[in-house]
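Labels run A, B, C and D following the written order; every chain starts at residue 1.
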Amino acid sequence: MTYVSFAGAEKPLDFVAIGRLCIDLNANEIHRPMEETMTFTKYVGGSPANITIGMSRLGLNTAFIGKIANDQMGRFIADYLRRNNIATTNVVNDTTGAVTGLAFTEIKSPTDCSILMYRDNAADLLLTPSEVQESLIAQAKVLLISGTALAKSPSREAVFQALSYAKKHGAVIVFDLDYRPYTWTSAEETAVYYNLAAEKCDIILGTREEFDMMERFEDNPDHSDHITASKWFDYSAKIVIIKHGKDGSIAYTQDGVGHRAKSFPARVVKTFGAGDSYAAGFLYGVMQGWKLEKSMEFGSAAACIVISSHSCSDAMPTADQVHDYIERCNRGEITAS
Amino acid sequence: MTYVSFAGAEKPLDFVAIGRLCIDLNANEIHRPMEETMTFTKYVGGSPANITIGMSRLGLNTAFIGKIANDQMGRFIADYLRRNNIATTNVVNDTTGAVTGLAFTEIKSPTDCSILMYRDNAADLLLTPSEVQESLIAQAKVLLISGTALAKSPSREAVFQALSYAKKHGAVIVFDLDYRPYTWTSAEETAVYYNLAAEKCDIILGTREEFDMMERFEDNPDHSDHITASKWFDYSAKIVIIKHGKDGSIAYTQDGVGHRAKSFPARVVKTFGAGDSYAAGFLYGVMQGWKLEKSMEFGSAAACIVISSHSCSDAMPTADQVHDYIERCNRGEITAS
Amino acid sequence: MTYVSFAGAEKPLDFVAIGRLCIDLNANEIHRPMEETMTFTKYVGGSPANITIGMSRLGLNTAFIGKIANDQMGRFIADYLRRNNIATTNVVNDTTGAVTGLAFTEIKSPTDCSILMYRDNAADLLLTPSEVQESLIAQAKVLLISGTALAKSPSREAVFQALSYAKKHGAVIVFDLDYRPYTWTSAEETAVYYNLAAEKCDIILGTREEFDMMERFEDNPDHSDHITASKWFDYSAKIVIIKHGKDGSIAYTQDGVGHRAKSFPARVVKTFGAGDSYAAGFLYGVMQGWKLEKSMEFGSAAACIVISSHSCSDAMPTADQVHDYIERCNRGEITAS
Amino acid sequence: MTYVSFAGAEKPLDFVAIGRLCIDLNANEIHRPMEETMTFTKYVGGSPANITIGMSRLGLNTAFIGKIANDQMGRFIADYLRRNNIATTNVVNDTTGAVTGLAFTEIKSPTDCSILMYRDNAADLLLTPSEVQESLIAQAKVLLISGTALAKSPSREAVFQALSYAKKHGAVIVFDLDYRPYTWTSAEETAVYYNLAAEKCDIILGTREEFDMMERFEDNPDHSDHITASKWFDYSAKIVIIKHGKDGSIAYTQDGVGHRAKSFPARVVKTFGAGDSYAAGFLYGVMQGWKLEKSMEFGSAAACIVISSHSCSDAMPTADQVHDYIERCNRGEITAS
């Protein structure tokens, strides 16, 4: 059964995302605290950027809506997007002296990873509603928004304006919750805007903890996935994916069904990037018209590839690589580390 | 025909408003520039406060949701509300050292009035979502929101949370646009939040200029009232009132009809408070089940009474006073100044 | 003995002050809490403004360095200064939308007075160093600075620049401590800047509590006036006046002497303005070449006149009025209320 | 001739500096724009930190007064200082969530170097006056302050408090101007505080451009070094060093003499760190009682060693290394790149 319908060839752009564009500085010497890391490698980062890079690698026609610092880091990001065939006509240059957000990663062990964030005066949060190009969204089958872009004005308003354009032009709207507490003023502020945005979205993806945060003013004492998903079907949602970490994800649909898919083994280097590659793989599948279970499997396999490598964005696989990974797993050639 | 239905006796509270509570300091020596005014008289002010006082004077059971400074001005406001039979259980005391917003009025002539505002660090804009009492809104037939309360966080989020509660409990939601540019960061920010709020409202009242501000990202080059009103009927609206100053107001309804009512003469002292008393009178009529035209007339007469006196809040009339004013106008006893 | 020497006729300006210009809104109905006060009368206020008005009333040639809001309140202030013969060539108009600081006074009894301050976004704190006219200070015998102007940037830097010009051109510098905690970020920040400024001043006036605040990082456990005064004689000070409220003031001089003067009875309406009128009267006496004791007496008598009336600025006496007050006291015609 | 006298063995600490502690991220792939640099190496940085490391390497007993972020970068800095024998008893941990300042270096060519700074919410600028330990300064022969620490409150006030303690306890005070425009609100604010601090200093080092900035409100149209230096001898200064880049430095002394020293060839990798190593070498020489010319030569040689290597802090030489460098230059073994 098809739960979501996408526009056809009349919309030339498969996928556009709005939000955070930043730099990951990944520790080269891993399995130690960052205090002892002496060198770092630079990658493009930020959840919606990673997903867009993933979608482009999978062969879709993509674009990005965001704002970059007017410095070497900003230019590196724009170059990288272009080299990955992502349209940057709506990637705006900041003129206020803002900086590029940074994420220094610390990989103590495959299961003990943390991030040191630089988000003060970040250029991506300075995108304004007027800078969002209605014409670009009008051409897109899918708009993806990411929760972090709701954290501050004027980026917050730019996202709501993008949602307004997407509704007007009939784009399928995907909300990747991507909740990062350090950018927000208060948990209650977060809950209010996440809910206002989610009301307008067709596909919502998040962890159980992220949905709990959104239910701050509601009554779901047992943290029931079913209650959580039901709420959104009263608004615009068609699919609600709730992730439970190692226990896997469940995709709820309007018919009340909870869909699960099998997972794959991986030789884990670090856990960063798992969610972004999963989102890219899953959405790719749904856009191909695959069954939800197959789409979820594809997302899981894409995630396995990313967490087995050093970077997030740069490790995003092609469709062939994902299919190949699944086959090798099915042949028993890959086992967990 | 009834365009809006209200809950019955199961909801004991007729009307609750959320937003600005402030102090008006009205020039005692009028018909001169404020530079030459030496003394001022203190009144409770703020558009939603004025409307609530108006509703209470008209005999309705009312309450207010807001935040007051922990000082003499704040205590004066709370006392005044209580003396006017307005429940203050959800009027919260600020604890951060914020001040009470002030509005010094300058009355150079009946048609040349201006306001000098003090809105920095105003307590009313510090109301948080957690402070909004769901139980109070659950008991109310009507929730009125006012645009000024959307101007800053956390008051902005408190209003959206109040809207969420009102939707959940089936209150009729009234949006008095009340756009005051000095509190807002940018016109585009304003447009985004006004639209997000208006989507959820049953009755929307504003001037043509206020609706123009909301249409910043839209296409209504001729400022057509009809196009403006139609948009909101696609969301939740039942009645959209567009005010054209001296040319009168038009109330649009979902059936496509534009309702007009006659106006009354007045011996104008100043124009302040006209909109607030109109809103109170009109909503009172609608809640009585009167026809729209009669409700609009009642609002106009209430406004005439207020603009003929020195204050806004303190001059709000009783129902008998409004009926009496209409009768005296009908008998030709009142003529314009 | 003469402790301070002033320039002669080659400097045409007797006195210039820099700092706060604001509005006092004095309760008309007194002897009650402000909650019950319904009307207020508007006066020019701010400690350095009051002192300058006092100096001008006493017959000196005066000017002011400050910044006013571009509104009715700002224009009222500039008009009032000009009408009181105070040169306003260096009273700058704000262009950022700042407001005029307000002080609502509450007079519960002659000894129980308080002030409700509005100091957010106050225009007077926006004076910049570049706006301070060196040529004006070059012509002045005396520069008076007031502690409140040190509370925020850029006014803080404007004061230090004014001090630099005064030092360069040989003006006698008077520091009226005038410490108002609500404008400051922290007590330790206050102490640092008060000390930096005081190092450059010839005459320092303050209460014991104000000097205690300045000694936050020092060792004066018994709050000894002698230790306090001695410190400043190692820098630039010639006279240090420490006020002990009802117990009177002591003027310390470099020779180690503590000078006291008798006080006068008064029919006290409120205590506001006592310090400002004392400062004006005292400085007037010192500039006349009077002995310190006589100057202090003159200041005390000027203060008695101000606290016996409703306003601060508007009640500043002429020299004849002060002399007359002293004579009437000496004849026993005035007794305390 | 000895221009500055230092305390003897009764003060166990030779040198303490206050101010910026940050991280340099130096491009590993150099001679290209930063956009094309993929990896960076982490070093401790910040001008006063570099100078202190330099002084410690030269064999002096040193300490630092500063504030570090409560994160991996902050802990790395504290560890590095301790490993370099710098006392960290007055290196305070931030508790507000501030971050460590970053400096990404771009080395396009030996003469075309630039820095990309992250200074928003930097922990070092949050040091408060109360956190400065008087007892530490009381034990120090020399206190070095650095202009960057004056850029923001409360670090600005902490520096003035440190100056107050240094004056009280007779430490020689060195001011390294180190002007970094990006941290400051305005050029006039900068000028005011640089001047206030410089009045209290015994040795002042800066570039001609830095002194020009300080003379914003003064009259030195020809940018005369002589006029510049003379001003400070009227306050506390004994030595004023004005640096003219490739044209060398001149050390002015109170007797009106301008001292110059010869320079040395170097195989330049980058120009960063030249000023810091010069300052360390020069101050070391002065503290040994060497003639000014010899001290300046020693500083120049130390600078040559640092600019010939990849880092600033980590490349600071020992005294033997500097002497050896001078000898090799004298033997003609080192020639410019």
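Assorted remarks:
In the analysis below, a residue touches a chain if its C-beta (ideal position, glycine included) is under 8 Å from a C-beta of that chain, and two chains touch if they have at least 3 such contacts.
Since the structure is predicted, the reported quantities are computational estimates derived from the model, not experimental observations.
Taking each chain's centre as the average of its CA atoms, subunit C and subunit D sit 42 Å apart. Rounded to whole angstrom, the centroid-to-centroid distance between subunit B and subunit C, based on C-alpha atoms, equals 44 Å. Rounded to whole angstrom units, the spacing between the C-alpha centres of subunit B and subunit D is 61.
Among all residues of subunit A, none touch two or more other chains.
Chain contacts in this assembly form a single closed ring in which each chain touches exactly two others. All chain pairs that touch, listed by label, are A-B, A-D, B-C, C-D. Contact residues on subunit A toward subunit D in their complex (touch as defined above): 25, 28, 33-35, 37-42, 71-73, 75-76, 79, 97, 99, 102, 104, 106, 116, 118, 120-121, 182. Of all residues in subunit A, only 128-130, 134, 153-154, 157, 160-161, 164, 185-186, 188-189, 191-193, 195-196, 217 touch subunit B in the complex they form.
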